[in-house]
Amino acid sequence: MFHHVKDLQFNARVSRPDPRFANLLLEQFGGENGELAAAMQYFTQAFGAKMPHPDKYDMLMDIATEEFSHLEIVGATIQMLLKGVNGELKDAADQSEIMQVMNGKAAKESIIHQALTANPQFGIITGGGVTPRNSQGIPWCASYIHSNGDLTVDLRSNLASESRAKLVYEHLMKFTDDPYVHDTLSFLMTREVAHYKMFEAALIDIQPNFPPGVLAADPRFTQQAFNMSNGTTVRGPWNEGEMPNMGKEWEYVADPIAYVKETQGITTTTDAYAKELKQTGKLDKEMSKIKSDEVISSEPEGVAQWSTYAEEK
Amino acid sequence: MFHHVKDLQFNARVSRPDPRFANLLLEQFGGENGELAAAMQYFTQAFGAKMPHPDKYDMLMDIATEEFSHLEIVGATIQMLLKGVNGELKDAADQSEIMQVMNGKAAKESIIHQALTANPQFGIITGGGVTPRNSQGIPWCASYIHSNGDLTVDLRSNLASESRAKLVYEHLMKFTDDPYVHDTLSFLMTREVAHYKMFEAALIDIQPNFPPGVLAADPRFTQQAFNMSNGTTVRGPWNEGEMPNMGKEWEYVADPIAYVKETQGITTTTDAYAKELKQTGKLDKEMSKIKSDEVISSEPEGVAQWSTYAEEK
Amino acid sequence: MFHHVKDLQFNARVSRPDPRFANLLLEQFGGENGELAAAMQYFTQAFGAKMPHPDKYDMLMDIATEEFSHLEIVGATIQMLLKGVNGELKDAADQSEIMQVMNGKAAKESIIHQALTANPQFGIITGGGVTPRNSQGIPWCASYIHSNGDLTVDLRSNLASESRAKLVYEHLMKFTDDPYVHDTLSFLMTREVAHYKMFEAALIDIQPNFPPGVLAADPRFTQQAFNMSNGTTVRGPWNEGEMPNMGKEWEYVADPIAYVKETQGITTTTDAYAKELKQTGKLDKEMSKIKSDEVISSEPEGVAQWSTYAEEK
Amino acid sequence: MFHHVKDLQFNARVSRPDPRFANLLLEQFGGENGELAAAMQYFTQAFGAKMPHPDKYDMLMDIATEEFSHLEIVGATIQMLLKGVNGELKDAADQSEIMQVMNGKAAKESIIHQALTANPQFGIITGGGVTPRNSQGIPWCASYIHSNGDLTVDLRSNLASESRAKLVYEHLMKFTDDPYVHDTLSFLMTREVAHYKMFEAALIDIQPNFPPGVLAADPRFTQQAFNMSNGTTVRGPWNEGEMPNMGKEWEYVADPIAYVKETQGITTTTDAYAKELKQTGKLDKEMSKIKSDEVISSEPEGVAQWSTYAEEK
Amino acid sequence: MFHHVKDLQFNARVSRPDPRFANLLLEQFGGENGELAAAMQYFTQAFGAKMPHPDKYDMLMDIATEEFSHLEIVGATIQMLLKGVNGELKDAADQSEIMQVMNGKAAKESIIHQALTANPQFGIITGGGVTPRNSQGIPWCASYIHSNGDLTVDLRSNLASESRAKLVYEHLMKFTDDPYVHDTLSFLMTREVAHYKMFEAALIDIQPNFPPGVLAADPRFTQQAFNMSNGTTVRGPWNEGEMPNMGKEWEYVADPIAYVKETQGITTTTDAYAKELKQTGKLDKEMSKIKSDEVISSEPEGVAQWSTYAEEK
Amino acid sequence: MFHHVKDLQFNARVSRPDPRFANLLLEQFGGENGELAAAMQYFTQAFGAKMPHPDKYDMLMDIATEEFSHLEIVGATIQMLLKGVNGELKDAADQSEIMQVMNGKAAKESIIHQALTANPQFGIITGGGVTPRNSQGIPWCASYIHSNGDLTVDLRSNLASESRAKLVYEHLMKFTDDPYVHDTLSFLMTREVAHYKMFEAALIDIQPNFPPGVLAADPRFTQQAFNMSNGTTVRGPWNEGEMPNMGKEWEYVADPIAYVKETQGITTTTDAYAKELKQTGKLDKEMSKIKSDEVISSEPEGVAQWSTYAEEK
């Protein structure tokens, strides 16, 4: 159950209207890396986590709720940046604005002109208000979010999401010189960093967490680094020396076309890995049992009930 | 700012897993008439309402917050209906399930088989969890919601949204015989009726509220009911007698093709309405002033600030 | 079966090209509240209405057909506002325009420059023509329309659709000073008002029409108005006094968190409503029979045939 | 302006309900190759064609109108195939169906069960009615249609559209043994063939019509056929011998990687084509003038008016 | 298996940054008629063609691979046109740009200002880089491509795709005066013409190829040209005289409404076509056998294997 | 420039047709975590990386090219799993299948019946072939991919993408008992692990790489962990003790509502951080210079050229 507190988490203020920046800021209201995307991603992930991982559930719901609160901050800022637009639109019988907008003779500084230039829908669809679309009018879409029922995957999705959101706020800061707005953006940007660290700590708390999911890597296909392009070839830690934390060395396949022909599509290499394959199979069974039990044992028999309505201590 | 309360608003319970119904219920989690759509619609509308209409803002935020709470109820129910799926998926090395699913020889009652049949993504993408998509896998999309910066329009959008949501719950109730789920659906369906009545009361509270927006109807084009189809023609209160609450009679245009030719595309009728047109123009100016002032006078001079952080009384 | 009449329903004229307004006007060609959305919504609803409600079918098809005719008016107006663009594009070997557009030195008044600025696709995709996308290039999408197989719901969807369409035309009128275009918009805006009244009359004609659908509201959950937000609380007709036309009083739940805990998720209140619940169950059965019979009795036995090809009288 | 005739263009009939086939048939109502896509494609193309090519405009509007009429036939057929579903849904208080659907014990032949299995939304969203979505629930989208302001391109888009639509009807016919439905599909399939021939004749009527658009092919890059893949190489009329109707021979580039290196990214070949390039430049200017004049000369000076409201002869 | 060659197929160069043209050019990177659409269309079609038509498979993969190579050329050009943007964004602590962008006082020629004006996402989402969206920010979508498992249809889809892509490049050329970019566009435009001719040759190589698919046209419905619109009627080769290559004459239905009534929805005409219908039925069976055998005989018994890993000769 | 090698990178084989698994496997052809998404993500990122980071460019293009090669493996497997479907569809005049499909009396094992049940579009749209849509028919969409012009962000997006793709293959393996298909999936799953390690090594190679982007975290907002939900509260490494690798301790805000009121929306805390803020400002400038120079210094003066066409050594 949610409860709304009328105060914003951060004291969002705006010095003067700025429809153009309002439009840019839509990216963080209804864009792919924005607050709605973050809130819905963690909220959705939380359902599956509740039974087997009540501690991670608590963290996911805390952060999801904070992101909803950030969504409100972003929306409030956009609304204040659009001050005047709705009032102008309501003055529906006034003909004077028409000349200004259409003839371009004057009043480029008029707020309605700025709004229409920044985003045509500010003038005709949203009525000078916020909307869950991005800076180019694309409606927010749930394919932006990832929730795959496995925390070793979900938490990595979240690290990536927070990284992107942080970068977008950094970019946005370049495009406003309103100190109040700048402060709000600095708050929002930094909270993404804080959440990154929370998700990182939670991921470390799960051991082992690699590879993501349950199954181990197939030893026959793990260490090849295929040189799939001709021209100058670059070697680096991603294709020579040791693989990070894997206890294996990269095997550089300089000519994949020849390699594939020789190995009949990488099917003739199995013998060399027979022993490793067996170990992997054993490991897979062990991990399956551990991970599967973790979930199944947490699920109640009989009628399932989500909440207990117990007294808080 | 939002706050999360771990207890659900309604005590959602589930007697036994049922992936097929879980999939149907996705319509109300990530579908066009579902709880996310409702919550985001009222939440988005609230921003524009806050300054000029603090009373309606309070109502919109109350209902938006309740819809977010319903979204949680729907998600919790879906998650409980999918009990077992995630655990089965985590048993990744178990080969026995394979036979059952692929050969169709047995185990149609196995939960993983049911899940995969109901929704392929339950088995391979969501990991047996909830997802903001509808019953056919379409990701939730912000073009489902309407927020147009005018309460006489927005509240009507909301009456329609609540009507559709109510009907979907009614349909869903036919497809489960789990008494706990039935009770939850009855709660959710009925709250749509309650919200309908709240929006209706709020709309009545605004006077005048018709036509929606500011401008009056153009008297030249208001009362025609065009008979655009041949074959048996039906007359009823929508094309004969008095227009509801308009003080006008319907003018039935039986042969629109001839009418359009005669009136040169309805442009030769202006004279008959000269007096009414003048009155309409005057009314438009008055309404523009009232409605425009209502918004503009509520907007602060200088730095705008969303919250006051005052002590609650 | 449709028939096309080359004359437009309204005599659309344009004083001079104006690509920027052409782009705005796309909202009503291919936008979420535009004429295609209206036409397809009523057209789609009509199929289900034909057998049980031939009178409403006639009305829906009349209005759908008028909306298709309005779609044509909007398209024609956009095309005339883009006069010159296609011709300029066809002058494909002319190099002079390049300088003007790219260097920004001159010719901001050139039509091709205006078109490209208003909407990049006017210059490279639509060839200076109309397109079923909105003012920001989003292709029209059928998720804009609602058709749910129940007239008490569908007609309410239509009242909301007409309200939004009316408002968009009102907004558009602010952005043109071409008197011909203004007249066309006034016609189109006013017809939305007329259709609103037609749908309203039709809804009144259905009794009872509330709640939408078949099932009555569950008496246990109908009258609560939850105060889901803290801070200054507002009371109004939506949460105090009588519910509109329900014969009930609002029950204001000032502290929902406590209420939910006390009632164990609103499950302990059932006894108080036992009698009402029984009446509701009875009413549900009666309404089910009435509404179900209405549909089933209208469906022919044996081979179904849509049209009779009878002579018109 | 459109006019609706209550009789269908073809006498659509249905022997018995069949929700599964109804769902397949949605492809031709709201799918990418369906009747709405065809109707909207030709309708949209017609606006740009009206002034410079009134004869092709007439043809496009005739076929568009016929496709709208086919859309109605498809919708009527789907509605008849869903007979019974809406009535069952309206029997909202009936509990018996629940057992059948959920327990799978009986009544697989029940119409509501069939509908829900074929398409979950038939049971909970469309109320047993037609909907402009495809067989997998994707809403119809205007990115399905092509209108590019040039008849030599648009008519080719139409030839492809008709080919695909024909094939889909052919596939659909395999999945019904209802002779009435079969007949309707045969009608619709064949009309696609007829339209193909109409568009073909119209394209031939435009001379020259190749290359599409205005500009000639650049002689430096026209005749190479690049062998971009290794392994067995196949030669055929598409990479050896004469290019169809071009008066040129294919130049087979057996080793494109070497060729690109040698020619410095195909930039060193210009000299060999100097003369041809000059001729092409001249041709481009001529064609620009012809095509551009064709459009510009058709556009009226001063106020533009779409219709004349003249008496028909 | 793909291999990447670091050299571009064409030597793409750019004289100076131009974010506005970069945005236009996105149409051919991530737009509906762009290189990704072409590459994915032919690549997808190739899978089904491989067994029964190894020669056409070779051609489809050759052209698909060339289109992927063109996608790279377009992307490289856009990236070079955006030179400077990423560097400016990385100067995240620099406050000077802010004034320029927001106050509009200066520096309209600054590259970051140009980028933001051309496409807001260049400044905040893509970091000054290329992105698979079109010029209005719509993400590339697989519904742009057509692959229907029948070469007589697929090749026609490809003729249309190449025609549209050619026209877009022609339009784009009007909007740049950079001679290097112009040359690249001329290369890309002309290759569409070359591919058109390759697909045309391949289609001719299949005989018979009309009607597309397997089934013949139903003789009862083939030759009517319906005059679906009133007003001035135009006759031309698409509705009078001989149908192209069909050995039939057009039958002009001047009054379709009357015709439909008289023929009871075109169902009373069957007798006149009895003999032709019989022939068509026979032809359908023959073609079914030929086309079906062609596919089935090419499919291996037992385990299917895609590649042979044989030595190249 | 790309080159196609007819041999698959892995020797994909299939024991017998299985349309149901073919449909599941579409997730990795046209789904959000599939091979096309991976290929396009790394390919798009590579453009921006080329000048400043030629080593990472080489790696991105190598992996992108491998993912395109995996896309081909997945497509080939799907096509082989659909063996027989296209041949059956081509037998268009055969009436026998009809009975089987529609009456459900027999032949559930018929391949066409299985295909239609698994995915209606296999039977009517794709002609028994592969298609870039997911297992529920959603067309692949470029909003699945992330490319933000900063390697410290892009590489983290890639770690998340590889994690999800690995998990989906793991899930898919549960649903087939074909040992050949199993082997192919094991290859594809494991390559995601290998790519994960390559991206991880590349990210480590960039120092510093945290926070992502350029700007440091604002010290005022970094270390709070807000307890946004009531009920049982859980403490863990994500909200108590040391933040991972930050040299800071978490500050647990147990009652955020009170905290926000007290701090006037977190605006009264600035003084405590004055010194840290100054240091952060300095650091931001330094990092801006380093990161900005890195990009700008790599960009050539004058005409930009992508490739050099130099001889390979």
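Letters are used for the chains, namely A, B, C, D, E and F, taken in the order the chains are written, and counting of residues starts over at 1 for each.
Basically, a residue touches a chain if its C-beta (ideal position, glycine included) is under 8 Å from a C-beta of that chain, and two chains touch if they have at least 3 such contacts.
No experiment lies behind these values; they were computed from the predicted model shown.
Using the contact threshold fixed earlier, the set of chains in contact with both subunit A and subunit D is B, C, E, F. Under the touch definition stated at the top, subunit B and subunit E share these contacting partners: A, C, D, F.
Rotation angle for the C-alpha superposition of subunit B on subunit D: 120 degrees, rounded in steps of 5.
Legend: contact pairs of C-D compared by residue number with B-D, E-F or D-F; the interface matching in over half of them is E-F.
Shared residue numbers account for over half of those found at the interface formed by subunit E and subunit F, and the copies are therefore classed as meeting with the same residues.
Computed centre separation for the pair subunit A/subunit C is 33 angstrom, with centres defined by C-alpha atoms.
Averaged C-alpha coordinates give centres for subunit A and subunit F that are 12 Å from one another. Taking the mean of the C-alpha atoms as each chain's centre, subunit A and subunit B sit 26 Å apart. The mean-CA centres of subunit C and subunit F are about 37 angstrom from one another, to the nearest whole unit. Shared interface positions of subunit E, defined as residues touching 2 or more other chains, are 1-9, 11-12, 32, 61-62, 65, 69, 89, 92, 94, 125, 127, 136-139, 141, 143, 148, 150, 167-168, 170, 173, 213-215, 228-232, 256-257, 260-261, 264-265, 307, 309.
Chain pairs recorded as touching, per the definition above, are A-B, A-C, A-E, A-F, B-C, B-D, B-F, C-D, C-E, D-E, D-F, E-F.
The residues of subunit E lying in touch with subunit A in their complex are 1-7, 89, 92, 94-95, 97-99, 101-103, 112, 116, 119-121, 123-125, 127, 136-139, 307, 309, 311. Contact residues on subunit F toward subunit B in their complex (touch as defined above): 18, 20-21, 23-24, 27, 31-33, 134-138, 167-168, 170-177, 228-232, 256-257, 260-261, 264-265.
Residues 1-9, 11-15, 30, 36, 40, 43-45, 47-48, 50, 61-62, 64-65, 68-69, 72, 75-80, 83-84, 86-94, 125-133, 139-143, 145, 147-150, 180, 213-215, 281, 284-285, 287-289, 291-292, 294-296, 299, 303-309 of subunit B are the ones that touch subunit A when the two sit in their complex.
Against subunit F, in their complex, subunit A makes its touches with residues 5, 7-12, 32, 54-55, 58-59, 61-63, 65-66, 69, 138, 141, 143-144, 146, 148, 150, 152-153, 156-157, 159-161, 163-164, 166-168, 170, 173, 183, 186-187, 189-191, 193-194, 196-202, 204-205, 211-215, 217-218, 220-234, 236-239, 243-244, 246, 256-257, 260-261, 264-267, 312.
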